[in-house]
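Questions regarding the structure given below will be posed in turn.
A, B, C and D are the chain letters, set down in written order, and residue numbers restart from 1 in every chain.
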């Protein structure tokens, strides 16, 4: 089976639920070493996406990603708004006009993560969302290269995201607001790493459920 | 024996001690229904008087009262500064050029309390220092009229001052800052009533001690 | 208590010296006794306008000394009326033939100190008492308190004096402005008087204090925290009743913060107040929003309305150049 | 949390509407997307100066829109960078042929949003990043934060643009001002972000936070409460070292409150700072004291120094007419 944008409402709803469920914890992280607004920012974006979810589900994937990216970019605010917005817009750009399969999507995602790096002038190891996004991108490309079955690829993705998030705990933050706190940042997971891990796991869960469910 | 201004340093010291000793309680009263600065105000005045105490003790009584009144007036501030200042300046004015004895001093004090009433546009029963000053003035005049022995006159003065202070507890404040709180003022003794009671009792104690002590 | 100070005893002096240096182009500071005057000598034909009161309300009054407003201000200790020698010395320093007008907030201590100074002063003088706080009944035993309306009084009388109005005119104008002005305040917290080191009173997290003055003291009543709309309604309905404001009248709307209230909240109160007034057909023709008459670090605000006519509008608009209020020059 | 609000979701909008009404003689407010512009159209020969950032720092930036300063400001949500569509729309609204200069405080979110807007904008534009916070090392991984020096940047660049300086000149001037400006802050308390409802961090009664930014976040270190003299020494010695200030140099001294600090304390800090500078032969030739770059209801202050030359003095002195900074007109 292949995933169509008709899944988008479900994906957006599930992401919204998981962010709401973990709001307290993410906020505590952004309060500890940031300014505490990460969840509020994300929720503004998710509210905007929820309002557009059926409309977006009528588009093809690149158009949907573009629309999601622009919505995120104009509603979220903060560092994460530009970064998540850039991620989706860049995915759209890289996927546009291509045949979408595991390889090409993995490639588009990897290019989108490069765009995030570029936008954030940052890289893995700086205690940001990139510590989740970069390993996940690499995992997707590696798995696609060896044609790992989709279910295994997805299951492993979650583990990679969680490991990436955990890796930020002992890092020294060198980008974003947390960097201002220097050594004080050690011992706290990065809020953006947590939110991206949660988003990725939520997306994967929907895809997995859809994979095993009888085709619609 | 008769009291001379050589007693002034001891009087000022004793008043200072008693205000310091009761500072917490007076402040609590002025915080409850005023603005909490009454002790600080008084202490500024007492500090100024302490610095001048030996100088003042060289003057005659009316000159000393005048000097004390002006010092209080220019250092204390707040409502109490003008009122206590007026009290001493008016005592001086009324006593000037007179033979000082129990009658004339009682008379001067009564006139000084009238001056305070006039300055404060207030009278007994409004939950202020006048609820101490007015009964004390009346007691002094009554006692002087019947030539009560000085020691009895002084002992009774303390009781009158304390009764006057206590009388403010259940009054509704209608003058000064406390008046703004309306019914909320009931149940609290007035700070100025407490300070004037303390000052009067401290002065009386010094006089009493001096009365029984061998003449200097 | 956490404050940016060295010691409570030196706080006022160090602060006044800093104020004097930061605004040495406008004012000068006399330290014995304490008063602040303009740099320029009062013109012979100009009434000298002098105000003063306890410190802790900054920028009131020192921040309003300068062209078009006060000739001198006499700062007392924190929340403590200044002493008569201050006003006397200030008057003697600035009076230049046209007499002195004292602007006094209606507190027993202030009124008495200014009264004693006026009695000692040997030049023509008059006093305007500001009593704009409508949280107290009109017939309150001491008269009402003077609060944020004082700034409006100082601005307008300052302009009138600058324009050459004489003492009798200024006094009558002041009484007219007072009658046309009403304020009411709400506190979210008390404040900490430095000499005491702890808040004057305590409010729970869900309590606010309605009808407060500007000394961090209790107000008329403690009520539950409510939405800003309800707060504004309580403040404004009392003010409107008191001024007997009618549809079509023109007013100045002054939203004043007590010191620890973010501008964001003050502008929000302004918005709700303007909606409320608009519904009643009352025209806001002039506005002022900010922390002007403060209570140290108290959170909360007051709303002041002054009924305007063309004369008062002209006086409000006239140029002013002080440390904390400046326009037109 | 006690705030004068109806609901956290409507706070910003209600506040901006109030701001717009209170200053309808100077600015206008566009609500979709959020930006504030001057009433008057930018002159064709004048570079449009635009800034913006998270809200909660009022009067920065909206309070500085007007003649001689900003052409437009883009307010984000509280402590949250605005989104690129705001800057894009604001630029399109005010640009009039001479290009756009963006003034951006150096935070990842702000920098990226302005960058995206600049990429989408099809007119000449340049960006000056403000990074004056010397509590961070000069080689800090992200560059230093932009804090209270932003006001000085906006004032001087606004004046230059008003005088007809072109985009290249403004950009170079901005970078020069940034290099000549250094700030450092101390917090006595954190602040309460409305959406969160509790203080961002807790300090004990005897603790203060050294080297803070303007978002109520932790600073470089928590230290014991100390006398203001010691605080001023720590702030100023760091600043002086960083600017390599030498005896005889001329500076602008800006003491900025974080929102809940009484003016009395700010002037005290000014006094101590001026004593400290005087001892080192550094001449304060211009001053600004007040709550200008705030962190909601945070208590504390920052000190900013800008090394002045005659050109910068002229730019500082040039007329300005905004809601919160006004002189010379």
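Going forward, contacts are C-beta pairs under 8 Å (C-beta built on N, C-alpha and C of every residue); 3 or more make two chains touch, one makes a residue touch a chain.
A quick note: this is a predicted structure, and the numbers were derived from the prediction, not measured.
The minimal number of chain-to-chain contact steps leading from subunit A to subunit B is 3. Note: the chain lying farthest from subunit C is A, by mean C-alpha position.
Averaged C-alpha coordinates put the centre of subunit B at 33 Å from the centre of subunit C. Once the centre of each chain is set as its mean CA position, subunit A and subunit C turn out to be 55 Å apart.
Inter-chain centre distance (subunit C to subunit D, centres taken as mean C-alpha positions): 28 Å. Among the residues of subunit D, those touching two or more other chains are numbered 78. Because contacts link the chains only in sequence, without closing, their graph is best described as a line. Screening every pair of chains for touch gives A-D, B-C, C-D. In the complex of the two chains, the subunit C residues touching subunit B come out as 33, 54, 76-85, 107-109, 112-113, 115-116, 136, 140-142, 145, 193, 195-196, 200-201, 213, 215-218, 220.
Remark: subunit C residues 1-7, 11-12, 14-19, 21-23, 55-56, 58-59, 63, 78, 188-189, 203, 205-206, 208, 225, 227-229, 231, 255, 259-272, 274, 284, 287-289, 291, 294, 296-297, 299-301, 326-329 touch subunit D in the complex. Only residues 27, 31, 33-37, 40-41, 44, 73-83, 85-86, 119-120, 126, 174-177, 179-182, 184 of subunit A touch subunit D when the two sit together in their complex.
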